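Remarks on the structure that follows.
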Amino acid sequence: MKIGILTSGGDCPGLNAVIRGIVLKGTTSYDLEFVGIRDGWRGVVDADFFPLTRHEVKGLAKVGGTILGTSRTNPYEGDRGGAENIKATLAEHGIDGIVAIGGEGTLAAADRLAKDGVNVFGVPKTIDNDLGATDYSFGFDTAVNIATEAMDRLRTTGDSHQRCMVAEVMGRHVGWIALHAGMAAGAHVICIPEVPLSIDEITAQVTSAFERGRAPLVVVSEGFKLKGQEEAYSDKGLDAFNRPRLGGISEILAPEIERLTGIETRATVLGHIQRGGSPSGFDRVLATRLGLHTADAVVDGDWGSMVALRGTDIVRVPFADALGELHTVPLSRYEEAAALFG
Amino acid sequence: MKIGILTSGGDCPGLNAVIRGIVLKGTTSYDLEFVGIRDGWRGVVDADFFPLTRHEVKGLAKVGGTILGTSRTNPYEGDRGGAENIKATLAEHGIDGIVAIGGEGTLAAADRLAKDGVNVFGVPKTIDNDLGATDYSFGFDTAVNIATEAMDRLRTTGDSHQRCMVAEVMGRHVGWIALHAGMAAGAHVICIPEVPLSIDEITAQVTSAFERGRAPLVVVSEGFKLKGQEEAYSDKGLDAFNRPRLGGISEILAPEIERLTGIETRATVLGHIQRGGSPSGFDRVLATRLGLHTADAVVDGDWGSMVALRGTDIVRVPFADALGELHTVPLSRYEEAAALFG
Amino acid sequence: MKIGILTSGGDCPGLNAVIRGIVLKGTTSYDLEFVGIRDGWRGVVDADFFPLTRHEVKGLAKVGGTILGTSRTNPYEGDRGGAENIKATLAEHGIDGIVAIGGEGTLAAADRLAKDGVNVFGVPKTIDNDLGATDYSFGFDTAVNIATEAMDRLRTTGDSHQRCMVAEVMGRHVGWIALHAGMAAGAHVICIPEVPLSIDEITAQVTSAFERGRAPLVVVSEGFKLKGQEEAYSDKGLDAFNRPRLGGISEILAPEIERLTGIETRATVLGHIQRGGSPSGFDRVLATRLGLHTADAVVDGDWGSMVALRGTDIVRVPFADALGELHTVPLSRYEEAAALFG
Amino acid sequence: MKIGILTSGGDCPGLNAVIRGIVLKGTTSYDLEFVGIRDGWRGVVDADFFPLTRHEVKGLAKVGGTILGTSRTNPYEGDRGGAENIKATLAEHGIDGIVAIGGEGTLAAADRLAKDGVNVFGVPKTIDNDLGATDYSFGFDTAVNIATEAMDRLRTTGDSHQRCMVAEVMGRHVGWIALHAGMAAGAHVICIPEVPLSIDEITAQVTSAFERGRAPLVVVSEGFKLKGQEEAYSDKGLDAFNRPRLGGISEILAPEIERLTGIETRATVLGHIQRGGSPSGFDRVLATRLGLHTADAVVDGDWGSMVALRGTDIVRVPFADALGELHTVPLSRYEEAAALFG
């Protein structure tokens, strides 16, 4: 059996460890043959394949990025896209099935292809941890570690200057990175998309921390919006204070916090450093295990499903059950953390 | 209500984060009062207490070690030990209950004290991850990260010199650290207490990796024993090869591997660096959450139980259900990993 | 003899190690007495002093920030400022001299005070490495390590997405951090204040790297200006492309590079994470040695001078010889590095 | 001109960065051609060469180990060794000169070959920093950082348990790593080969630190010998206390310290983790610069010399001036550090 592997969507620590896990298990336990597909679905559509042997995946568990390249191509678009074209392309190259490693969009495309008769198996990839079917996804732990270490550094500067530091972390729709890194670094305010706060609620906590002798640390998800002003953001030209929109939410919050509290305040947008580089031990183990179990599932012909972490077990979940619902931070988890800075 | 907190047994990253979580939640949500107990059960027996306020736990989430100190004292030993003496001491100081943060031994003592009428609540602490009631315990993730990073370093030396490197990690009775760090670092042999291997099985895998062009990496739990020679170890004076016993198991394995395979082989015992220092993001979050929930449990008067992680939830487990069974690596998990170097 | 110690200007890894070095040497070798001065020159003017004993500096070598606090107060300003007022304040509190740890501005003030008869000794502090009298200043090595590690991470994302990544590092007037971190991380373009480049020169190198199959990495000092458009920056309202000025230089360069080359390009401003947190080994040793030698100089009454690193030696330099000239990157060092991406 | 490059002796972080620097400068500035020589002098003797292009050295600045492999082969030994044979081999393969990256032994062989008419240029490599001609050698800074971080971790365990921790670091003949890492980590005793101490001098300092409330940290170079008992070590079978010699010096010191002071004491041998893995920023810059200047020297035909760091400059030094004298820690530097724990 010959299997193609692709990675799609944003970079995420652990992609290479998944690939390695699939190939090692597939070749040593099952005699599978693999081809790498270049740049996500683009490589499927363009038949951009190359042999992927055990030798190619040597030492990959610790290597960030993806040796397969990635893109945001939609497999249903373009002249050569669509299920029928793809089935023809795969048949032509003797490829029996595809493992697609990607996020919500990638897996939704995989689901549609599977329904249209293409053999596709999924591996969930989301650094934001926003997929409901899996307790954690690889890359998240690494991002939390990087954000935590960065905030440890910001705290010493805040302490020395008696400043408020605002750290903006990843999380477009969900606040998991902000929640975990904020708890880990001892933030005094955690602002996440799931829990709108007003600027007054934020400054009240900043002032309270400052009065207790702390240099306030505010962690904010990139997707956070101020309470009552969610609409303002729909117009990309203006921010919540009717100023031209530039930079991230932290760059909006910092001057407002300084203006309202009188405390010198600085913003830092952590940005892309959260998604590159070598994965943590946790992510290497999780990604490797997802890869090993994917090889099993492929041999079982369990197409139309994906692997997921439940507790300490790796399980398989049909796409139909896995997709559609965003894995948001429950209010109980936010309130649990809020006790730390209440 | 006034609560004493103690840490007992070996150092573990996250102890201070637990203490901080308990104190912050207890003081801001419940108006509890806390005293620190110095050096584990010794401080209970000796009434060595000091006030533990919100101020004392500032910034502790990231600090390794324990501000309370630790010891291996048994609370039932000595003139002033035993449940009746302890009840009297606590009453004298107006202490309503104790939170004991410790491993199997500590929690067994806590269980006995609870049965004898002392108000004790437990927080499981085991860097080896050998307690059955909790999916993971804090400190384990940090130890895996440190061991993984160390083995990443050892690999480059192995590759440069075409040597076999043997890394000995913690794990007296269970092989979790070796299993996870070995998977993360791409080890070619993983030796754990749960799965005895003969020296021939080990050297076969070493030779196989070497012939594939790899510098073989062997990770071994300190508690691993060679198959068929488990008895030899009961006599502490001699090792499995009838030589005076000195150093760790890696220092026994390395010369044997070199002798039998002809491949230059070096041992490194990671030792105490695995248990000190700043906790990982994962461990800070887990330890903090265990602390927060402990404050809830204390207010509920849920004595005789401990907190535990199940999936992504923090739950309470009666000591009776939590203790007695070692959390070993299941054979299925070992075989899963073995596919990587099969 | 009683000595006051102050830290002034921006936070810098190693400040606490200097303080510890002075106090340990001063108390164990010389029987000096120390007071901490809070928040730089503000604490001198306001007589905000506190006893600084050996106990206070325990374990400080690895701690980021400054336990003394810092500010940008000018000692010659305000009602209570000026040399005469300060001499009176110091006399009143029995303080025989001041050690001022700070950058160009701080040391210039120290020089003026020394000329006006105040006993002041200096320790150079500049994370940008822009002081001429010392080969390296503490904090610089840590900043280079942090920037290097961040760029290692950015590279994997660039490689996965075939993107150009632009990393903005500290360096208002000099490009040392960009030069060193750029060499260490394998940047394809290094943009520093000392060497203006046109946007065409930059994009030529970006395109050349891209065509060799690399994901181009551009490192840029915050103080870099495009050739021929240096004037544009004097008007803070507009950038070099006549757009409202927002964000750092990297946020100006990234869209221009993308527009001109057609290569997807992303900017990351590393910002404050470069200046906080635990110092590297090199910086701890350098800062500690500067502190130790400062205690010697104070005992010698060598006021009006500062310590400096020359080769591997710590020497003393009169303020008059140390100040006034910016320690820029020589063209020869830039050209040396340029051979890597030529 | 075609140049061969070899790495010889122990692994050292920065070897690959040197190789990359030579090849990039040599190919982009000078049109040199390179071959890699496998496993040090063995590859010269066996004519084990392979083409080394710009493509091969991509991304190598951060990669630990050496892509060329290494060995301890002496080029004057064996049937095919010796200057005449080597000259014939090089001529046969059109190789005009050799760059040898290695330590004292490697460079001594290079010197002899140069005198015998082989074109050899040297790059000093010593993680111990024991070569006199260069202020620092690459790899040393990385080793100090790793040892410092490990001791930071050991300290928290020491503090929690009120134990004395003994850390054994590299340094067979010189104590630079122990000196710098000890200063950086705040050690209470630093034991180096250059300064014999008696066990009583050591325990006096341990006890003094303990009585001040510290958990004593002792750092010891592997080559340290107890005062008055240097002879004992010449007999490898017995240690200074007439016991069978096993393990490192730390494993001799720890039980003696515990016995004499009554303070629980633990030894950790850091071992090979100090020499593998990714180099620090400092070492990447130093190694890269040494490589760049080596390309210049080769083009100049400056055979029989090596590159070296003097202050912030890279210079060339004839082998004759560079070799023969061990770069030991001067007593003044030891006494400087001793003020910290006096």
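Going in written order, the chains are labelled A, B, C and D, and every chain counts its residues from 1.
In this section, a contact is a pair of C-beta atoms (placed from the backbone, for glycine too) under 8 Å apart; a residue touches a chain by one contact, two chains touch by 3 or more.
None of the values given here were measured: they were computed from a predicted structure.
Chain centres here are means of the Cα atoms, and by that rule the chain farthest away from chain D is A. Distance from the chain B centre to the chain C centre is 41 Å, each centre being the mean of its Cα atoms. Each chain gets one centre point, the mean of its Cα atoms, and the points for chain A and chain C are 34 Å apart. Taking each chain's centre as the mean of its C-alpha atoms, chain A lies 30 Å from chain B.
Touching of two or more other chains is recorded for residues 152, 155 of chain D. If touching chains are joined by edges, the resulting network of the protein chains shown is one closed cycle, each chain touching exactly two neighbours.
Pairwise chain contacts present here: A-B, A-C, B-D, C-D [touch as defined].
Residues 7, 10-11, 15, 39, 63-66, 69-71, 146, 149-150, 152-162, 165, 244, 246-247, 251, 266, 268-273, 275-277 of chain A are the ones touching chain C in the complex.
Interface residues of chain C, counted against chain D in their complex, comprise 21, 24-25, 28-29, 58-59, 61-62, 135-136, 141, 144-145, 147-148, 152, 155, 180-181, 183-186, 214, 278, 280-282, 284-285, 288-289, 292, 310-312, 336, 339-340, 342.
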